[in-house]
């Protein structure tokens, strides 16, 4: 960080370089801190990749090797070759994207209302949203499955999309509300002055500025849906999503398969995050406002 | 040196044609209808299970829950974990977000790396940390190759390391959620405010305390609420690392529902989580209420 | 913001929205086309496929192997779908409550099927047709799940044995036959091994998904007390639990994290362990010469051992009834039964000669199972019979005893008294007779004396 302390001017034309040195030292510390945190975040990811690509035998050694000395695609291959993996992958994509679209469609307007309008039931409404998220859904297994059996949506991806949307909506609404709160209202008014309709002002001016937060909300939604096991496995039978198809089986599998499965599942969500990250930080340091 | 809280919500009414249904209602109605249709009946069914016995209303299941030897340890562990973990995560997440904002080299790469744990399901995260902490895991491998003794991190008679392991794993797994919300919130705060404060000679801490944090309040409030509610819901990491030695209330809910096949006691436990989550949410909503809401701009 | 010309802003926005729109259009194609989702079990691939929902063989590898067995031995197409027991129960229950059953065949352990008896068809006729298969009398009694009609057809069976890494034999007390251990020998061995190896090398599957409660229910207590429930808190039971406490002192403390012992065994973390045969099978898979499988120890009241039975059942109003029955007949054939043993280490329930060319690990297990069942003082214990949904809670009582006595160091007698009270509360509501090894007297309620 820079310092703004003013030193009394020295009589000689000699320049005081200490603030500059301090600045350099601070920058170096900052870089170091970032690298340390990145290492902390990466090491477990590295280890799971290492374990997923090791031979079964080498996982039984002690001490374990921290270097990729025994690479093998055996377990990963067996995992990817099991029945229904491709179909399950497709189902997961359908469910993830479907959940993303519906929860954005329902959630973003609600978030906007929460941020922009003063209405009396604001707090009860927020609590209502949280209420549905605060109850562990395992106790809803039987009634939920019955509901979908009754309306004949059981064992379809639609059922899972609907459930995941319900689980994601609180996050979407609350995060987008917090984002809209930080978009200054004058921008919107300015757009209206220039002749935009309320909807136009929202779409053309507010949305782009709120994009980082909306990207954050969509990351949560997609990742939640991608990793959700319980709901997906009680609502489907022959049309499973990827985690419902494999995560339960992983719990009982030999260690090597568990690592392979965990590794294979994480790749798509990492790609998704890499993609959305650009929207999330697209305003760093910009002085657009 | 306080900057007013972010743009306060102001009634944006359409002066042209007064409507009978206020726009706010139109905007939130779909979400209410959706949630009520989908979850209303199951939630009522689920909650009622806690009190419905053979002869109508009963408190047997509540008694049963409280008498279970795992119940009070589970309550204690859950509260302890949340009380230690959440403040820690917020300190980390805010620090990380500020580090990123100060524009270090490779900041995009760093941010991506820091967000990766989000992508991991809690089952997978538990697996990773188990491979690190178990008796013959990576951590003890490193200790051994350094010539040190290995430590039984996850032994049942070692509650301190048990707690530490769960804490480290959970902080690793879920800090990125807070980070992403805080980063997206920081995006909305113009750097000019901070720079202006700097020009006036405010120190880093003063700027953080009086400029950045107040402007971040809406994001922090949401992050706090969501993180706390989700913290009450996750147990896969703790279960993978400690088995039954570090029970959590939500883990007990699953155990009663699946292993013990007693949905009634499970529903009672779920109610405990529900009530605790709601009380904390109300507290956050009130404590961090946006003062600007009443004021005008 | 106010300095930005509005046109510029709008242009950039419209470019972005065009991009997003494009992506949306590209994604909605496959999205709409696939409608209800892709098939992941093979059930809808061909009409007339038997949807087989099961709690067994959930691990990827086992499931693949079993699918091959089914394909090879049955003459009807079967879509095998394995789920964990919690999902199994709620799936079957909801479908039957909603009157919309989507499965043809259900498979599970006795304990998985018993709570669902109301949703299962009677299979007495089928069992009658299959009577030539030579099912064991005790197993046939189990299929009635406490009622008067059979609710499932025996599918396969398993038991528990002790796996021994030959390295541990160096600490075996002198003059002790490893194939005929007493509990006393077993403890002395564990203590000597702990001393010799410098760390405890005996293990127990006491993890959250481990089956250690079966050790107390079917092995320790029957061997010490001759019973399971009636003798739950008598003097012999106190001796048994005091023994257990000593054994735990000589066992690896990491056991509270072990679900299936084959992993710590294969890692060499543990050298001797008791567990379910299917949860030991991978340990000697690569080097069977370095391993032994031996019968569980015997105690003062005999060699208590528990039989685990899995069954296949027909859901009421299930799909593809004829083909499902055909599949059950196929499953009962000796060939299918032997193939199942070869691939997944579950033993036949029908009368058949075991082949001599079994793979190393399975041959080891088969020998130990035979020794255990045929030993002179064998005392058969069954998993709880007729408890329905309460079985999990009864098993939990035994786990609680372990938790209190071995982990928390509570006094044995008072712990047993407390847990006996809880056990009796559960049993009082159920009103069922006892099961082996307790004296079975129909009409008399099972309870702790």
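Going in written order, the chains are labelled A, B and C, and every chain counts its residues from 1.
Heads up, the rule we're going with is that contacts are C-beta pairs under 8 Å (C-beta built on N, C-alpha and C of every residue); 3 or more make two chains touch, one makes a residue touch a chain.
Bear in mind the structure is a predicted one, so any value in this text is a computation, not a measurement.
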Arrangement of touching chains [line / ring / star / complete / other]: complete
Pair joined by the larger number of C-beta contacts - A-C, B-C: A-C
Length of the line joining the C-alpha centres of subunit A and subunit B, rounded to whole Å: 14
Separation of mean Cα positions, subunit C and subunit B [Å, integer]: 35
Residues of subunit A whose C-beta touches two or more other chains: 62, 141-142, 184, 186, 250-251, 255, 261, 289
Contacts with 2+ other chains: residues of subunit C: 84, 86, 267, 269
Set of subunit B residues in contact with two or more other chains: 136, 254, 257-258
Complex contacts: residues of subunit A adjacent to subunit C: 57, 59-60, 62, 78-79, 81-84, 86-88, 90-91, 94-95, 97-98, 101, 141-142, 145-146, 149-150, 154-158, 184, 186-187, 190-191, 194, 203-205, 207-208, 233-234, 236-240, 245-246, 248-255, 257, 261, 288-289
Of subunit C, residues touching subunit B in the complex: 84-86, 89, 115, 206-208, 253-254, 256-257, 267, 269, 389-393, 396, 400, 403-404, 407
Contact footprint of subunit A on subunit B as seen in their complex: 6-12, 14, 22-25, 27-28, 30-32, 34-35, 38-39, 41-43, 45-47, 49, 96, 99-125, 127-129, 131-132, 136-138, 140-142, 144-145, 172, 176-177, 180-181, 183-185, 187-192, 198-199, 201, 204, 215, 218-219, 221-222, 225-226, 229, 232-233, 250, 253-254, 257-258, 263, 266-267, 269-270, 273-274, 277-278, 281-282, 285, 290, 293, 297
Residues of subunit A that touch subunit B when the two form their complex: 1-2, 4-5, 27, 30-31, 33-34, 37-38, 40-42, 44-45, 47-48, 51, 62-66, 106-107, 109-110, 112-119, 123, 125-136, 138-144, 147, 162-163, 165-166, 169-171, 173-175, 177-179, 181-186, 188, 198, 209, 212-213, 215-216, 219-220, 223, 226-227, 229, 243, 247, 250-251, 255, 258-259, 261-262, 265-266, 269-270, 272-274, 277, 280-281, 283-285, 287, 289
Footprint of subunit C on subunit B - complex, ascending: 69, 130, 134-136, 152, 154-157, 239, 241-245, 254-255, 257-262
